[in-house]
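Below are two complexes that have chain A in common, paired first with chain B and then with chain C.
And then the complex of A and B:
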């Protein structure tokens, strides 16, 4: 038994160790500010990004008895996760502080969730993929229940826990079938053994796909999304709606795209059904929502439909497009939740669409940011959402599935209706009477402005990011 | 013969597992869970995985389930309320379960589903075999599982531990640091005023009668 090469897995070791350090350091730092934990967490993520790019960008190597793979795809996924998590931490701090909920555990659990996503991104064995998924899920359940005194939070956490456990069980059952067929946990061995004629693999594929699409939130496994988004504290909803989507995508890439490549014909049909259902249900249900968080929840479901469209093409271009779509959508969604955080104050969750009324008069910068974000979600040219939809549709058309592309475009038009309704409230309606001034700090507003600008700039200059996303599969 | 014994254990396992989720009394459910684990351990012993079988009995049956039983007995669970809607959802749930079981049986029993024979036979001393791979080949998932447990501990403490303002508790640090001045207050009381004459006479009378 040779010594495993620890240096390849340096980012995981670093994040895991720092999560423990922050857990202990948080105990000894007095005050309600939690500044030490906050800055240490951001420092951890920054160093992890550097380590990942330094050690894994050009690598293609296995370690830990072939259970861990360091490659470009993993590096891209991980860096996206770090960035989105850092964004979630920055947005969360002021909100939690003003509600006496700021505890070091928020950052510790966030970092452990990041570790779970990293493990999934680098999984080269059914075992590590499953443990990564569980690590992520457990942190998410607890974060949803973070506000213990909120009845809605506990209810949402309970629902999420029960449904999530069911999905985990499904994944595990599917894995047991795949293991039964392949006789090995190693994903390379699974890929060699898997063939489309063996019913065991198809059977396993169905169950694994259920788990992956549950994490993404595709119809019919989307039931938890609106409830969790509404019930969880807004910064937690922001976190759950962004980085874990990249994690779920990582699980798909490792388990299905790389693990079961010969079953592409089977999963293409399954994903097509899920994608069409997600586009229909997500967009139509979002139209009737008056709660902005639920609206964002159903809008997530519809965007997941688009991500699945990219995945089902089964080509490198299609997967690159799906990865690009996921990362940029997560960036956009983070901005949308940040606007809710900006508008809310202690004792008042600005989670109704009506609460956005008169945002333009109250804070023109936030209103312009919301405009860019909603335009991007609609897919208006010039924003990144347009380009993301374009590359996904291109991949779908290249795969010869024109009818799916037409459905995608049609429901993107339906989506325009409710996004514009949000903008109408923000720009053309008078602010509610007696609304106090917004109390967000300068740094929060600067990050929000930067987030919205990134949505615009990535839309104008998408070249570098899309090239990276496609290169990840090369 | 071995097959018959296996089926007996498997049948008891399935029966008790079903009873875990249908038993009215939570204490009964836990006891059935103990039975389930016990049968699973027996089946493992049949598969010549002695270490896993013994570990299951020692760790789960011996320690975890006893703790579980304590917790369940301490909780005041309203049995009637928990079972609300059970009968209402039973037909739908049973139908879904039946369809799934049928589909699974069809798939798994299909002639074109060759299950590869289990790899090499287990070594005689499987405790040693597990020990030699657990911290070497499976180091990475093992450490990750440890991280998972750490997260579970953090979660449990975060969600249940709270400082209640009204509870009385001792703070040894404060007890040690306390100084005389904190607890003892010396006051100068004015001298007692002269007792009124009438009252004094009365007091004298009382002492005389005694």
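And then the complex of A and C:
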């Protein structure tokens, strides 16, 4: 048997090895404020990005007995994951430190989760995809319980674990059916064998789709999202709400879009139902939330509805649109959680919408950042959220599903209401009595400002990123 | 000397850049902020003048700039003006100077953010009028909501939060449907250039749906009855500058949308649904005129009068099909009347809101009942106020008369009863405006607040004087404005009739 071509999987090998190195280094050279682990982690991600672009951007090759594929789609997904994870690390550091939770494990778990997502992004076999999914999920369960003394944290982790295991089981069950039908784990072989008339594949599709949409958080598989967002430490919620969405999208693209292309007529209907439900439930439930983290949770659900709209078109353009939507939404959501982190301090989590009162008077930079982020989530032009919605609508209309586009935009108006409520608290209301000055390191502020600026600049010059997302499918 | 300058881009981005600089300066130096805001507004106005002087009425789209913006979706950054857009752009840059002056000493909380919001808004509004690409248009159209949301919400009156959220949601709901329509049109035309949407020959059913989507966007913005209810709330709560911009410019953007999108893109649907638009316009003229009559709040009264006046604009635009059935001439007159009415209403409503602002700054009340006999303490102010009230009522010699008269004249060619109903505004408009003036300005000094009033300061006098000249100038000699627009409107009429026949 010939040796597999390891060079194609260089980014995975690098991240896996560095995660182990950081685990050990953290024991022996903790450094002040875990500086060693922190900077090593960022270094790992930066080098991984370079390796990915260098080895996989122009590649289209299989290795490891065709279980692993190196291609442009994988490269785009992975680089997005690195960037979002790096944001999560930077935002987390001060928060964890002030609550005596700053341990090297946070970064190690984060890197292993990244590795899981990388494996998912490059999966060319049912097995590879599943391994990646499990690696990601296990890291997430532990991260949610990272504050082990918090009752809410433990409860959220338990809930997430039980529901997540169920979803993993469903994926595995679906995979077993697909394997039974195709006689192979190889996704190319599956794609050749799968046809829309074979009930075995349709059943397999249903179960795999449940698992994927669970990870994304589509209704009715969204129950974990608000509780996990509320219960988990804010930086963990930030992480879970951003990069793993890209991972889940990778799973869809590899398993369903590429693996079961002929079943498009089936999954289009399923996704249409899930998308409409997500838009309705996510938006309507978000309206009544007073907890900002829960509100963001339900708002995620509604955005997942939009992502599914892009996916159900079943075209390269539609998937490119969904990819663009997911990446930019994750970038925006990271900023929203960062504002919560900025407002909170030890013993005060600032997770109520009311805690944002008077932000404009207290810290105008953070208020303007929040303004851009909220308007981006609303989909107001000038921010990137508008183009995300536009490309998705374009794909949906192109597929002849104008009525879905109309439902999408109408619920975007419902969404506008609660985002405006957040801005109302931040801009139009007076700060609470005796509110202390906001403390945050200069680097935190700089990154938050950069994050908001990215939302604005991508909203003015979205062309390059859109082109990249579409090129990923070329 | 402006050959080859990207004038329109300058008009869009100069105020926005100025606004960002103001935000960066912050409230450390309010004096510098005001000066810089005024300098930016004046410079923008001066730069907009070449649009007028070098404009070729018969030259189609001019000052065109076009750059690829999002190549994968065929979206271009394309700007240009024709006879419809150019006067509105100059109206915008002109009004902005007055707004900056009006907020000069009045705005004490966060002045930098206040002036920055207005300047950014100015750039965006110029962008709306100049955009030749549908997505670019939509971007500016929606982005406009953001500064206005903040202006009303931060610097507005007691009930400002309700008003601003209502304003945002109403207009946002109206415009998202337009976005779907634009995306659909892109699929049909293969490009986002607005001109490519003309003459697509879409089936009637499709045209009706697209027309309704546009109607949702533009009718809310104009606003037409029955989707006008956000306007009185927004006007009453907005600071004076916000009201001026709302009335003078933002309402025009809705009417502009009808001319740029609804009529030429969906001519068949416009014709088959013109009864709806005519009915909505006439109801606005008559019913809203009656509603204005019973208002106790001056700003609310002017807000309702704005709705009634905008009814004239939409009546002029959508009457053309009825006129074309009867005669060939007259349709152009109706559209010209609508356009003149738009510009005139820009001046008059701005002036009315500024007058109310002058009173509000002194007494902090907008209730008519809190005034009386203002002429005894503020004779200069009273003179201006009476002049603008006359213009609002449509007195010959003022700009208010020209547009209304043209529309009524054209209405006679469509249907006698349209003309009768439209002409009723001359009665109602005079009734509610002059009755308000009588109660506020004339009579004995009403109370001790009025007795202590100071007459206009030099700044206020200057603002109102400029507007008075504009109102009288347009009223006595409207020919330049009409001539500038005529070829463009003629061409538009051809597109509409060609689409209607085919």
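Here is the rule we use: the second predicted complex is superposed on the first by the 471 of 474 C-alpha atoms of A that agree within 3 Å, B and C clash if a C-alpha of one lies under 4 Å from a C-alpha of the other, contacts with A are read in each partner's own complex, and residues count from 1 in each chain.
Note that in this section a residue touches a chain if its C-beta (ideal position, glycine included) is under 8 Å from a C-beta of that chain, and two chains touch if they have at least 3 such contacts.
Since the model is a prediction, treat every value here as computed from it, not as a measurement.
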| item | value |
| --- | --- |
| Chain B versus chain C as contact partner of A:463, first or second or both or neither | second |
| First, second, both or neither for A:183, with chain B first and chain C second | first |
| Which superposed partner A:417 touches (first chain B, second chain C, both, neither) | second |
| A:58 touches, of chain B and chain C: first, second, both or neither? | neither |
| Which of chain B and chain C A:132 touches, first, second, both or neither | first |
| Overlapping contact positions on chain A, where the chain C interface meets the chain B interface | none |
| Contact footprint of chain B on chain A as seen in their complex | 1, 4, 9, 16, 20, 23, 64-65, 67-68, 103, 105, 108-109, 112, 115, 119, 125, 127-128, 131-132, 134-135, 138-139, 141-142, 145-146, 148, 180-183, 197-200, 202-203 |
| Contact footprint of chain C on chain A as seen in their complex | 360, 364, 368, 371, 375, 378, 380-382, 386-387, 390-391, 393-394, 397-398, 402, 405-406, 409-410, 412-413, 416-417, 420-421, 423-424, 427-428, 462-463, 466-467, 470 |
| Chain A-facing residues of chain B, complex | 104, 107-108, 110, 112-116, 119, 136-141, 143-145, 147-148, 150-152, 154-155, 158-159, 162 |
| Touching residues on chain C, where the partner in the complex is chain A | 23, 26, 68-73, 113, 135, 138-143, 145-146, 149-150, 153-154, 160-161, 164-165, 168-169, 172-173, 176-177, 179-180, 183-184, 186-187 |
